[in-house]
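Scrolling down, you'll hit the structures one after another.
Next come two complexes built around chain A: one with chain B, the other with chain C.
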Partner chain A sequence: MALSRNWMYENNGGTCVAIAGSDYCVIAADTRLSVGYSIYTRDYSKICKLADKCVMASSGFQGDLKALQKNLAAKHLIYQHQHSKQMSCPAMAQLLSNTLYYKRFFPYYTFNILGGLDSDGKGCVYTYDAVGSYERVGYSAQGSGAGLIIPVLDNQLKSPSPLLLPAKDAVTPLSEVEAVDLVKDVFASATERDIYTGDKVEIVVINASGIRQELMELRKD
Partner chain B sequence: MLPWQIFEYNGSALVAMVGKNCFAIASDRRLGVNLQTVATDFQRIFKIHDKLYVGLSGLATDAQTLYQRLIFRHKLYQLREERDIKPETFASLVSALLYEKRFGPYFCQPVIAGLGDDDVPFICTMDCIGAKELAKDFVVSGTASESLYGVCESMYKPNMDPEEQFETISQALLSSVDRDCLSGWGGHVLLVTPSEVQERTLKGRMD
Partner chain C sequence: MKLDLSGFESTPSLHGGAVDDVGEDLFSRPSFQLPACSDFDGFQKDAVQMVKPAKGTTTLAFIFKEGVIVAADSRASMGGYISSQSVKKIIEINPYMLGTMAGGAADCQFWHRNLGIKCRLHELANKRRISVTGASKLLANILYSYRGMGLSVGTMIAGWDEKGPGLYYVDSEGGRLKGARFSVGSGSPYAYGVLDSGYRYDMTKEEAAELARRAIYHATFRDGASGGVASVYYVGPDGWTKLSGDDVGELHYKYYPVVPTPIEQEMADAPAA
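Let's look at the complex of A and B:
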């Protein structure tokens, strides 16, 4: 135990999903917080609003998750004072990557998805690993249920290969309502087989008219 | 190599689904040695009799050995009983055969699918030491099992007709193996109805 630093970490589970459309972005996460076979709470929000058009959903270790959210909020406050404006989503994506990589050898044990609108008003989703490697994608899933959800999203949304030239747009062809329904479906499915996903799913939709939030009940067992 | 990694040595994906008076069983076609692909036309689904199929995921050598033993035991059964084995009985036979090797198991996770009396579909899976898991909707096994669980949970609906079921199981298989490095290279799909058996081969991504 003394040799490993595993005791500093815990896995609190949780699943995050995000889908980018041409003029909207849907970001969702379940609200269960667990460790091992126990549930700490059924009502913990893993989604954090970082800027006007930028939200982050995270799973992993709740302690690091909170620290990361605080850190980004502080950095965003400084940015606002220096630049007199809200940070854009692509800028926040780079900031999150730098913040994660800064702790490369004692990482934040969090698996994040950043979603929002870019400066053209197009939906954007950024997906991360725990040490800051990131990519802009059309859709993504992270956390304990990601393995169950990703192939379903592949089937329904199919993303163009990043190797294609000229580069293809990664946004999905779905309408906002269809995307929200798809998110509800994949969470209902993941809840059936993943013990760390359940209770409720919090869905945040960002579009030109602002941010909207809704909750859907999931299985509680 | 750790003992449980033997299940991932060759790579595999298997799924079976129940429909309306029919069932479908599908597998991928890859045979690999860890990350290297050796064959792209590998069979993991075997016929026991016209209305009973078994899929064997896991270590390919054990799958083939187990298949030979299962054929042998079914022939003995046919000689003694003068009839084909029922799926439920066959599942118990596989289970007993696996448990015989409780402390030096075959590294296979079987999937059994068949039509029983009155053409009632039966599907079942078990672990490598024969613990049966009977399901009324779908069963999965192999290295792509997690993906398959997710996809089947989303796509499956009860009482599908054979054509609808073919589409569902094919989409499920292809989407799943594309997220698994160790399985893929197309698939085999078997659609079994009381009157006929259709065998189809799927093309898939070759990476």
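Let's look at the complex of A and C:
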């Protein structure tokens, strides 16, 4: 399919998840890169640090993802030169939305999640479709295993909609340690039933003290 | 004095014409990249199927004696998958104008944001607010220039300007209609049924809000691509306010409470064995 009729896209599979808490944000993605039934590598990072408190994870076509990451990094650098500060997560969220939409007629085939801390230090997660529509949410999953993971997250984390009036408080009740454990559990489960998810999961945690990263092994079959 | 021709421009401008030496190349207005293939329409059709941009909706708006009521659901679906139950489909363009989102979520979000920028620029250039007629015309002209390229936008611009309440329907085919009652989206036939049968010009604000809420509820009941939270906004001479946001699942039991049959009632009342 890749070479016929000038078709320029490829789906490299993989899954990403992010959870926002009251003062932390967890972003995770597996490290498998596949084409069709073949695994090209077990060690590919889908996570990119865009700013001090802002990290992006995406699944889909990794070629487009590399281009998108470079594009955003360049725009961020210009912003830093002009404003003498890093971009905040909500600002980066809108920049990503615009960047995706400017390729509306030749889309980036990437399903993105942006995670980080907003200017009040609260965790925030933004979820996107491929052409740039975005929304701030408490948690999100994208990619081939998303359909297996989101119902579990809905069950554990679902909070009242921000659109309700009178407004109901919508803070994820989990602590940082519980959230990381939940992420490890959902990836282990998704690996069981999705052929494109597995090998390792890279988990990035952002909180007031900075960014830390850990790797967990998953099934390699 | 340089004549301001920005109203004629149809492609989006990221930096509003700001030019400096460093930024010459970097800030030249970004244009949409197009794929270099022989069959553009076929490519767009395949790309849409692959990318499955989020869409699906019910929105409605109507003018009545006291102003404009705007209401919408909050579900976004990507193919058969519900990608979100909490999408903001009523977009606040400025404190006295609202836009609704139906069709492609990214298309609506982007072009409404762009419209908000253009409205603000109009205010700054002309020292007065833009009219609803003017705002809807700006949007309609932009969408018309992208006609045939696959944008999917079905929006209503509702607001209060010097002429009173205003309501326009604008879509990605380039259509623009002035009217008093509209519903847009996959659930609109159901919403029209309830809206048209219950509408009177001289309703009170509470009656109008309840009519809108019921119409959205019934649309979410019958249309799989609509659901979530039914939001109702009111636009009056002082601008817009949000009147209510109710989960449609709870609205169902409010409108159709479960009445237990006598046997069930007895079983519920009997002490636990």
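Annotations
Here is the rule we go by: the second predicted complex is superposed on the first by the 208 of 221 C-alpha atoms of A that agree within 3 Å, B and C clash if a C-alpha of one lies under 4 Å from a C-alpha of the other, contacts with A are read in each partner's own complex, and residues count from 1 in each chain.
The rule we apply is simple: contacts are C-beta pairs under 8 Å (C-beta built on N, C-alpha and C of every residue); 3 or more make two chains touch, one makes a residue touch a chain.
Keep in mind that what you see is a predicted model, and the values were worked out from it rather than measured.
Of the two partner chains placed around the shared chain by superposition, chain B is the only one that A:Asn155 touches, whereas chain C remains out of contact. Of the two partner chains placed by the overlay, only chain B lies in contact with A:Ala190; chain C stays clear of it.
In the overlay built on the shared chain, the residue A:Leu165 is in contact with chain C alone; chain B does not reach it. Contact with both chain B and chain C is seen for A:Gly147 once the two complexes are overlaid on the shared chain. The wider contact with chain A, measured as residues touched, comes from C rather than the other of chain B and chain C.
Legend: residue contacts after superposition of the two complexes on their common chain; A:Ala18 is shown touching neither chain B nor chain C.
Looking at chain A, you'll find residues 147 touch chain B in one structure and chain C in the other.
Residues of chain A that touch chain B in their complex: 145, 147-152, 154-155, 185-186, 189-190, 192-193. Here chain A touches chain C in the complex through residues 5-9, 78, 97-98, 100-107, 109, 127, 129-135, 137, 147, 161-165, going by the rule given at the top. Partner chain A is touched in their complex by these residues of chain C: 12, 14, 26, 30, 32-35, 37-39, 42-44, 46-47, 50-54, 74, 76, 78, 81, 83-88, 104-110, 149-151, 228-229, 231, 242-247.
Residues of chain B touching chain A in their complex: 146-147, 149-151, 153-155, 171, 175-176, 178-179.
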